[in-house]
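As structure tokens, the structure follows; a few thoughts come after it.
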Amino acid sequence: MTTAERADVLSEALPYIRRFYKKTVIVKYGGSAMQDGEIRRDAISDIVLLSLVGVRVVVVHGGGPEINAALRRMGIEPRFADGLRYTDEETMDVVQMVLCGKTGKDLAGLISSMGGKAVSLSGLDGSMLMAKRLGPGDYGLVGEITAVDTAPIDMALDNGYIPVVSTVAQGADGAAAYNINADTAAAELAAALGAEKLILLTDVRGLCADPDDDTTLLRQVSIGDIPGLVKNGVVRGGMLPKIDCCVHAVRRGVKRVHILDGRIPHAILIEMLTDAGIGTMILP
Amino acid sequence: MTTAERADVLSEALPYIRRFYKKTVIVKYGGSAMQDGEIRRDAISDIVLLSLVGVRVVVVHGGGPEINAALRRMGIEPRFADGLRYTDEETMDVVQMVLCGKTGKDLAGLISSMGGKAVSLSGLDGSMLMAKRLGPGDYGLVGEITAVDTAPIDMALDNGYIPVVSTVAQGADGAAAYNINADTAAAELAAALGAEKLILLTDVRGLCADPDDDTTLLRQVSIGDIPGLVKNGVVRGGMLPKIDCCVHAVRRGVKRVHILDGRIPHAILIEMLTDAGIGTMILP
Amino acid sequence: MTTAERADVLSEALPYIRRFYKKTVIVKYGGSAMQDGEIRRDAISDIVLLSLVGVRVVVVHGGGPEINAALRRMGIEPRFADGLRYTDEETMDVVQMVLCGKTGKDLAGLISSMGGKAVSLSGLDGSMLMAKRLGPGDYGLVGEITAVDTAPIDMALDNGYIPVVSTVAQGADGAAAYNINADTAAAELAAALGAEKLILLTDVRGLCADPDDDTTLLRQVSIGDIPGLVKNGVVRGGMLPKIDCCVHAVRRGVKRVHILDGRIPHAILIEMLTDAGIGTMILP
Amino acid sequence: MTTAERADVLSEALPYIRRFYKKTVIVKYGGSAMQDGEIRRDAISDIVLLSLVGVRVVVVHGGGPEINAALRRMGIEPRFADGLRYTDEETMDVVQMVLCGKTGKDLAGLISSMGGKAVSLSGLDGSMLMAKRLGPGDYGLVGEITAVDTAPIDMALDNGYIPVVSTVAQGADGAAAYNINADTAAAELAAALGAEKLILLTDVRGLCADPDDDTTLLRQVSIGDIPGLVKNGVVRGGMLPKIDCCVHAVRRGVKRVHILDGRIPHAILIEMLTDAGIGTMILP
Amino acid sequence: MTTAERADVLSEALPYIRRFYKKTVIVKYGGSAMQDGEIRRDAISDIVLLSLVGVRVVVVHGGGPEINAALRRMGIEPRFADGLRYTDEETMDVVQMVLCGKTGKDLAGLISSMGGKAVSLSGLDGSMLMAKRLGPGDYGLVGEITAVDTAPIDMALDNGYIPVVSTVAQGADGAAAYNINADTAAAELAAALGAEKLILLTDVRGLCADPDDDTTLLRQVSIGDIPGLVKNGVVRGGMLPKIDCCVHAVRRGVKRVHILDGRIPHAILIEMLTDAGIGTMILP
Amino acid sequence: MTTAERADVLSEALPYIRRFYKKTVIVKYGGSAMQDGEIRRDAISDIVLLSLVGVRVVVVHGGGPEINAALRRMGIEPRFADGLRYTDEETMDVVQMVLCGKTGKDLAGLISSMGGKAVSLSGLDGSMLMAKRLGPGDYGLVGEITAVDTAPIDMALDNGYIPVVSTVAQGADGAAAYNINADTAAAELAAALGAEKLILLTDVRGLCADPDDDTTLLRQVSIGDIPGLVKNGVVRGGMLPKIDCCVHAVRRGVKRVHILDGRIPHAILIEMLTDAGIGTMILP
């Protein structure tokens, strides 16, 4: 790279850094970006770097594979219904222990080892996430968020910590704990925090006009276009509930939602600090 | 009770409430006070009430029985050496998941259900507790605290939350996590926070001149008296490491350490807000 | 008393202490609670204790017997009209000297000797109470309050002092000073301060369904019930103007007014910090 | 006066106003400036005007003639010993009532009627002045100051009030109240407040080389010169204890003490805001 | 002058000083007050003294004679059209260099040499004054103000500096700089700052009923009277645009505008701090 | 450029951005970077971008060619002695008008047109730079700085403005103004502000082991190496006084001084935000 090229990258990035200063960005962290060693370090590095320059980054993590492994270790076979984990009481205990006690804390430790500062929180801390039983189907202790109290998150951000959120909620109905879908929780938190951006790290390139051809990536989609895209089959399968979360977040005031390919190294940095962008941006 | 008696209790309590306003008190919470339903609610109620009137209460919890149960659920037999849990990597994972993911979060939820506000934190959050491998014996991943950063605790207290601390530490030597004895961690935190009081909830009446006769309870003991008490056998067995923690805390500036019988309902309130006192107080 | 009983009293009291923290409570102090040695110390002790735990207590005092004594010492016979002291200029001078120079300052001194901090203020300080001549009858320099400036009271409370108010007002019409009824002044101050409570210490048990039988005490009365109680003769004689003050205060936003028997030791503490209550509470 | 002359006065005054901004000035107010109608209004006007432009003015008042009148009204003959009022218990009550209940409150009212804001305080308020029995002679309840807590004064000044201090002190030895000489109290307060100036309003022109000839006024005297002036008879009689107060104040850090002729209209304003000066200034 | 006269001047001035404390006063400084040595020092002294006692004084200066001299030094003959300086590019450079680089900086230096603190600013600093080309006539780079950002002025005042404003504006239309009439700029700044007063220092006595007879000075004129005064010829010639500025400022909320004779020594102090006043005051 | 390359540049830059956040950096701006259109815009763009991300950038400018042009326009031939401009009174006026009235204001305007905010200040504003006549040689009104008051600079930075400093000083000896060498002024300001960096934009590549061969650039030089470099002829000619300034600044606490080639586009950004660096860095 020439110095001129370097200068171009920097000149382009600085106004973005300025724009995002003290703004809140939610990163839903999961999939390859969470499993693969090298990619994982790149993603955490991006989060730490953004935090360094004053972006209020909140990490919301999933943990399906780890939960499955722990359940099996205890001789319990994971069950799913309508794409959701069927969560009986015994499973709920394992979900809570893995997400809050293992995945979240390990992420906090990893952030710390890369020079950041993090605290791992769950919906049970400070009654941050309240939920009731999701219906009408029967999914056991899978919950639907009924209230969000952002105070613990704000406290962490105001004190310079990156909050790492495990998506277990407190029962508004007396239940000790509910298992919450991480995409949904990320969208609810983004809305409650008045976030500038919600970034969903996934294992796909984004929305593609031809879902089987990455080169047809749609750079920018208005939520008004979504029904048409669903009809055309551009949005389908596992992407459907994700897109619902995106639309919900945008409707509730989040300025931009990004579906990013977590397999691309430093996807977050590229998306946020360059003109190019690399995934699909969903906006009002 | 007559109104005069009630007035006496209140007149006695108010100056204590004043004295402890904005002062830090560490409660090491374990044993019966943690296992038994009714007693458990009384203890948590005391903690919430003290927090209500402005005491900065920090809860440090243990969790031996829960860890043993989880290990056995996974087909691992708990091992101990010199009274410490031998902690191999697999065990460490379970310790972390149970303490951080289950016991701590459940305590936070219980506090919340009784009108308080709590966040559950561990030594991995904000690198609060740093540790190295305990020696010279081999106890696996049992750690010895090398540094305490009280910032996450102060942040929680300043924002009106009761911090509930799970005693897992981050490795100062690169290890992901260490298992820390809860009494030791409570004493270290009390010292680092410049606490007014450290209260150890136990399953004994306190130090007794005749350890087999509760009526010989020693109300007040100076740390200078401890060596003699050890020699006489007044302090013996499982009480020896506890007393070491007490002496350590007092030497590092904690004003008063209390060994309380957690089986007595509302032991904390009685000890802190009445002239009587019910356990053994250790002071410089 | 058992420790369990003590714990009950404390568990009951702490939420009240929390509720009244930084709230304003006006105590109209007079009658037996002011004359009798032991009772007097108990009442002042209650006021100091409440102040210790953060209640913003304001004391408004009377002083009829002391004024009468001073007048007689100077060879002036006290005169009354319609239950009010007829106040000529010479009497006004004595009223002012006794209330502001003796009773108020002595109360401040007594509070100080019991560990509290007090400043004695009158309506002449910072033009706190402005008044005009009361009519239509002729009572000389008896005044009717026309304006209240709570700044001197707020200043005292904000700096940790218990304000002790002597009820002499500045003339809005050029008169140097007016003599104000203490119950009325207490009610006006309570309204102006947006007080949580106004407590009138009296020499009766409260309002009783049968005024001659203390066991028929009415624990709680809505101001809507008052006209009926007057009609029935439950409220009569010297209680009539007191009840007027209570109703006036409640209408102007004071949440609760209490008529307490100042002869009961620690009546204030019992009323404020126990579920029982011992007098009559008047509410909207 | 020409506009040029007016401009000169103003140009001269403004730097003084700047210099005294937020500085503390104690005015010992007594004698003619307190008794004579017109002069009295001029003096109070000066105090209000200085307060308007940000000087922290504290008024300390005497009241001998009023006390004598009240004593006689009650059939008690005033007694003096060594130039001090012999104060038995009955006299003490009258002193307190007159100073705290009448003179102080009337001054506060007068200040208020001239557009200022004042609160009248005594040594009994907030335990501002603590005293013990003066000795070795027997003067009854005449006190000697043992401690000054300036908090009530600072509170009043910080809130925009002119504190008017009545010189009755609380007994450090259990006595309810002591009678304090006003010059002494003013000097002690000036020292405790770190005052810029102490102004003693008197009925003489100042210190004069020939005490019988006002034209020999000494404009400026160093405390080192005082012993010589006493020896020469320049300082004599009633001026001796006043000068002791001045020297004491200067030694304890008060920058300038002024002996001013309270009979000159607006003596305070002239002394503080013009180059000329009109009394004797005592400095280190 | 007698001390009584001095006291009168001071008693009169202090309430004004209080009234103007922290209030903003714009002084348009030009004419004799700027050219003549002695008068110049008196005017600057007034400004420094007012600043000393807390008035937020802003100086807006002209500089016609200095500009003419510099132009001639460069061999350029000054041109005027409709009473305005015709400003071609070359002239604009000279105007900017003289006003911003010489007159403004020299005034700042003079203020500093007299004990004040000043910073010299222009409309180019912080884009304080934005302008477009004045029309419809052709005056070259003479500008008409389109926006005022008072931030640089507020910053200077808040930090204890007297802002000295040179009236060159930044082009809202891309032009580097515009030349702005100083009276107009002073009026716009007064309006934008919500000034208490705008003082125009001129070389005339004020508005006079008979413009040729100074003794017919109009002390006070309402803006409603202006049209009549124009019709009668009381306002005429060079006074017409000045009066337009005054009316504009009053309409936009400036409380008082004063036309003062800058040839009178200390005109500003006399006008602001005495009851008399010496020029014409224009008010709503 | 690939996204990976972009990510590398950003990952490298972000820690620098963090490190320089709220740190002070002085840019001595002159030579080609100031004369050439494109380069000039790049340099100003760098300054604005750094300011955007929180660096406290101070610009100190020269202006030799502009001064020469203005002098010649007035028929004055520029004179030099020992490499310094001989500054008689007439020249001083021109220097002041050009630097303060033209160059500085134009830079402020240029910064503003590129999205930044600037105020142009000189040593005459707030008595920021005080100077005496430089000796022992005779250079007329060339000054030597005797005192620096950074308050005007701090005020500007704290309010979000980039201060642009014209190097004219106020005479500590009564002289109205002194002409100060811009490199010297920049070094003095850097020292007084406790700057993190002083960047001298020049027209050379930096210090080169062989001054005639840019490829022998010395990346990093300790001030201890300078005497040797002078001896070897590496530092010579016009670079000698520049290096003196650098050494002086480092000795007085400036952490790093950079000699940068202002002809390289975006030299400032490359030097500050990449690992590479492009000029010579001088450090303790």
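Each chain carries a letter (A, B, C, D, E and F) given by its place in the written order, and its residues are counted from 1.
Everything that follows uses one rule, which is that a contact is a pair of C-beta atoms (placed from the backbone, for glycine too) under 8 Å apart; a residue touches a chain by one contact, two chains touch by 3 or more.
Values in this document were obtained by computation on a predicted structure and should not be read as measured data.
Note on connectivity: the fewest steps through touching chains from chain E to chain F is 1. Set against the Cα centre of chain D, the chain with the most distant centre is A. Centre-to-centre separation between chain D and chain F, using Cα means, comes to 60 Å.
Note on chain placement: the centre of chain C and the centre of chain F lie 73 Å apart, centres being C-alpha means.
In terms of their C-alpha centroids, the spacing between chain B and chain C amounts to 47 Å.
Contact of a single residue of chain F with at least two other chains is seen at no position. Chain F meets chain E in the complex at residues 70, 73-74, 93, 96-102, 105-106, 108-109, 112, 117-122, 124-127, 151-152, 155-156, 159, 161, 168, 170, 176-177. Remark: chain A residues 1, 3-7, 9-11, 13-15, 17-18, 21, 42, 45-46, 49-50, 52-54, 264-266, 269-270, 273-274, 276, 278 touch chain F in the complex.
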